[in-house]
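Per-chain numbering from 1; labels A, B, C and D assigned in written order.
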Amino acid sequence: MKIHEYQAKLLFQDYHIPIPRGNIAQTPEEARSVAETLGGDTFVVKAQILAGGRGQAGGVRIVHTPEEVAKTAQDLLGKTLITSQTSSSGEKIQTVLIEEGIKIQKEFYASILTDRSAEKNALMVSTEGGMDIEKIASTLPEKILIEHIHPATGILPFQKRKIASLLRLSKQETQEVGELFDALYLLFTELDASLVEINPLVLTKKASFLALDAKITFDDNALYRHQELLSFRDIQSLDESERIAREAGLSYIPLDGNVGCMVNGAGLAMATMDIIKYYGGNPANFLDIGGGARVETIAKGIQILVSDPKIKAILINIFGGIVRCDRVALGIIEALKSVDVHIPLVIRLKGTNSKEAASLLEKSSLSFILADTLSEAAKKAVAAAKT
Amino acid sequence: MSIILDESSRIVVQGITGKEGQFHTTQMVEYGTKVVAGVTPGKEGQKVKGIPVFNSVQKAIENEGANVSILFVPPPYAADGIMESAAAGVAWIICITEGIPIQDLIKVKAFLKDTHSKLIGPNSPGVISPGKSKAGIMPGYIHKEGTIGIMSRSGTLTYEAVDQIVEEGYGQSTAIGIGGDPIIGTSYKELLDYFEKDNQTEAVFMIGEIGGNAEEEAALWAKKHFSKPLVAFIAGQTAPPAKRMGHAGAIISNGKGKASDKIKCLQEAGICVVNNPAIMGKTLHEVLNQRR
Amino acid sequence: MKIHEYQAKLLFQDYHIPIPRGNIAQTPEEARSVAETLGGDTFVVKAQILAGGRGQAGGVRIVHTPEEVAKTAQDLLGKTLITSQTSSSGEKIQTVLIEEGIKIQKEFYASILTDRSAEKNALMVSTEGGMDIEKIASTLPEKILIEHIHPATGILPFQKRKIASLLRLSKQETQEVGELFDALYLLFTELDASLVEINPLVLTKKASFLALDAKITFDDNALYRHQELLSFRDIQSLDESERIAREAGLSYIPLDGNVGCMVNGAGLAMATMDIIKYYGGNPANFLDIGGGARVETIAKGIQILVSDPKIKAILINIFGGIVRCDRVALGIIEALKSVDVHIPLVIRLKGTNSKEAASLLEKSSLSFILADTLSEAAKKAVAAAKT
Amino acid sequence: MSIILDESSRIVVQGITGKEGQFHTTQMVEYGTKVVAGVTPGKEGQKVKGIPVFNSVQKAIENEGANVSILFVPPPYAADGIMESAAAGVAWIICITEGIPIQDLIKVKAFLKDTHSKLIGPNSPGVISPGKSKAGIMPGYIHKEGTIGIMSRSGTLTYEAVDQIVEEGYGQSTAIGIGGDPIIGTSYKELLDYFEKDNQTEAVFMIGEIGGNAEEEAALWAKKHFSKPLVAFIAGQTAPPAKRMGHAGAIISNGKGKASDKIKCLQEAGICVVNNPAIMGKTLHEVLNQRR
């Protein structure tokens, strides 16, 4: 689960990670009032969307009077922001964050995340703050330090010295940044984050550290033990389809192709996308209905695919194991009573009770294209999408 | 022989009194698996399908001589269940549970280093040595005893592969779902070592997917140490870059994890990579035929 | 470093480990006043000494009125208590702890300590509270549970279930005792203890857990990071000789033999004791002067040995390595100017510059018995002690 | 050959600018040890006896190719220094520092499991392969190159043993102080494995003492896997029971740790145990003579 910058900064405050003074607004009037309360002669107005790439897309603006703050908020609020990291339909701005302007001495990059290969958490630091970290990695890899964190020790003094050495910090600054990383790691582990990122982490002209930006992604599997975080969930920012998928417990990622697919199991789902491509088609999505395959879930899945205008044909590929294919077939028949499908539907049901399933489908009055093997199913779906 | 499981494996089911646990215990017993005990704290003395339930894995071992555990324990309790099994000293721990928090798994991995237990999973369909024993949720009947070792990060895609391989006339020595989570117990690489030493296994089929670098590690190891034919399929060539971790995640994995990079790495290590998932069985057959 | 029960209980309070109500007194009047404040009809008066075995030695008494509390305090304060775990000269009681009487349902044993073989901390629990745990281990080992604690995980739920199973606790009690052990482990690791022991840990008739006794030993090597604990140090309870040894940085343990010895290095010191015994003598002590061997240290060491009336001869055994023997010889000569030695002194200086050392000693006007090999030294010392 | 250290060992001294570090660096260089770098955070660019000082072990490795580290770092910083060396990847870490808190060592041991570094000590006099290299504080001149491996928990008692062994005409392949602390890096048992594989080593002398069960573990291992003569002395037969841990400590060690129990266990494993520390050398000579 991703949360907004302003939400992440609330959590930073809880863990004593220093952030600029500021507050959120949902109307231009609120924005003006926040600026007036802050005082000073420089303000930063930041669009609160979950995707990255805001800056280049005009979602972060520097202005100098409460009047301008209000005007900027007016500009941003309610607008849809399309960035390099949003989908092509963009993300709607419902909140802006207004902060005091900060006089910056140096900008760094700092994050903590889980490294699956090392099977540990890791901290990542770079001298190049405020930039896209992936770009730094490809052009200036020597400017990035990655240190794995042992679960029994936390961040060790020698690792803090390495950070300080890379960032060329004074003794006092080393101490301060060490405490900041300890706090960041505590937040990361206590709240089961999978990523905590500060980009940029700045050293101000007053020689103290400040998290100018804040990004947190939580491990969805651990949310059950952090009820307090659930209020941060922003369903509003999701696509309609993504919202339906999440509610139905479906794993769904929309893509740009024309052959929709619905599969049980992530691996088989990917393989199905691959074979659609292999036979000259273009997969329109990843959609894993998981192990259960209840009627309702199947119906929601079909509904999502049907509502995507790019999709010209649908391939349902189910390998029945413990889930019996005849049950799945009944589910499909039942689901199609409530969803109207105007495009060709290719169905492959393999495994347990697949013969019974085929006869059930054939007996129904609905129109399908049946397939037996994986290649047959893919070829038929690709051909159907072309007509 | 086979690996991990054979006729002598004595299984303890952790979470046996739950819905999943009960259902799959029945399935396993029907397949012929020796399920000798179940564990659910607080339910000692009960029986599930005639199998005695204990409060702890240690008691299950003391009373019934269990040497393999399988977990159908809900995610909040699964990591603890794995560590309990490891401390009690079972040889293999097979964790079916999906959705264990990743911070729990980091601790589990550290904990396991001080034990002699090996973990399969979590988020694994389990392990089957056809004709001998099944500790998992896969449909037993699609499998056939034979000479092919199978290891995979996925469930249904493995069934697909098994189906195709059986179609070509081959059975399996052992088929293992290593688990779909980012952090898992036993890797492809480690399993290859077991397959290398296993007499029954004549060739191995590896089903990989995007993310991480477990397939690459296995390939580099295989190049040096694995003498049997190895055929692989990598799912996810058309999948979008993982959304979950954002950009920082891509860096930490050194840009690894893409299907195309994986395939290149495997091919460079001399491994035959199938590029069409419909011909996994056929390709394996061809490779074995060429060798003969 | 060991601390008193009442001090350990102050730390327990900091970590929310429940203890009986009570307070300390250093005069009978204070004791009466503590009892009056506590109220109730049963009081426990406990002598505060560092050594164990108090109960059997009459250091713990149950009385029923503030008057009796004062009388008991009068009895105990200033008295020397000799227990199975004190030296033969015993330990002086300077403080008593007065606590409310507790109605006990069950008594258990609980401790956390470091297991050097497993290279981990471990928790130990027994159903047999209030007894000598070593006795339980030898007679009822099945009543003891030992669980190792991984540094990355702390005490795990399955380990708490094992404790509950051994102690036959209800669900509510399991929860409570689990929290108590977590607190105990936190105290143990945060304060660098090497042993924290509650014996007995009681379940009261009101069904809650209470640490009736409390024993903590700290890792001396870690005291530098716990300045707050130094005020607990009770130099008063030590022997005069032990106090001198501690102040001089000497590692000293008095024994019952008649041959005193002073050696550099713990291993060689033990081997020297062994060889004294081997040749028919009885070592009077373990005394390791460490690596430095400064004049002052040597002087203090000799002073300690000379002041022990049981010692009939002294063996100084130094293997010079980086420390040169001639330096050590000068140290001995210098030291003997300030200490009067009336018993035979056997000296063996081996290793770097041992020849120069021997000639220095011979030139001095003091009387020694010189030895070259280890066996010669031991034989001479044993013989000298017999005359 | 010898074990741990030889002519090619390139030593980095952690804490080189301290009093102890400077003194012993000089001693080691005089003995002929290749001390190639020093480390003291914040003192990069300085030199000690001509040896360059770096801010981190990693830089010492990158610049000078160090592969063994020795620590003269004060106790509060020593555990961190060990872990720094391990993360940087030196093969052997030799920790002289005495007085490291035991909770630090528990963490160090967990940390080392994920690295390829081996630790000697802490509270060790160090390691010497006479005639080749010395990384420690022992007087080099009492040693002589030869065929006897020595391993000990003590300092000066080892010098005594070395002296007696040289007196009998034998030199040493490698002499190791494994460290006097309750929790240490490399055990007797592990070192025996190295000595077994070392051509130069013809016999091993083990100097043990009361406490723990490291000697017993070594004896049990040696019985099965060690083919060379093994002679031992156990110090502390007359020592009082350890006062430090009180009674609970005695239980956790299962009543082990007494000199008499150790001696019995060693003798049962067929190891010759010297009962008089004055004849350690002589006894070794007799054992070797009998074998010839």
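Please note the rule applied: contacts are C-beta pairs under 8 Å (C-beta built on N, C-alpha and C of every residue); 3 or more make two chains touch, one makes a residue touch a chain.
Bear in mind the structure is a predicted one, so any value in this text is a computation, not a measurement.
Between chain A and chain D, the least number of touching-chain steps is 1.
The chain with its CA mean position farthest from that of chain D is A.
Separation between the centroids of chain A and chain B, computed from CA atoms only, is 28 Å. The distance from the centre of chain B to the centre of chain D, with each centre set as the mean of the Cα atoms, comes to 42 Å.
Note: centroid distance chain A to chain C, computed from Cα atoms, is 58 Å.
Shown for chain A are the residues in touch with two or more other chains, namely 120, 150-152. Shown for chain B are the residues in touch with two or more other chains, namely 106-107, 110, 114.
Within the complex formed with chain B, the chain C residues making contact are 120, 150, 152-153, 156-159, 161-162, 165, 171.
Residues 150-152 of chain A are the ones touching chain C in the complex. Those residues of chain A that touch chain B in the complex are listed here as 52, 111, 113-117, 119-122, 124, 132-134, 137-138, 144, 146, 150-152, 189, 192, 194-195, 197, 215, 217, 219, 221-222, 224-225, 253, 255, 263-268, 270-278, 283, 286, 291, 319-322, 350-352, 373-375, 378.
The part of chain D that touches chain C in the complex is made up of residues 23-24, 27, 75-76, 99-107, 109-110, 125, 137-139, 141-142, 152-160, 163, 180, 182-183, 207, 209-213, 233, 235-240, 243-253, 255-256, 275-279. The touching residues of chain B, counted against chain C in their complex, run 41-42, 55-58, 77, 80-81, 83-84, 87, 106-107, 110-111, 114.
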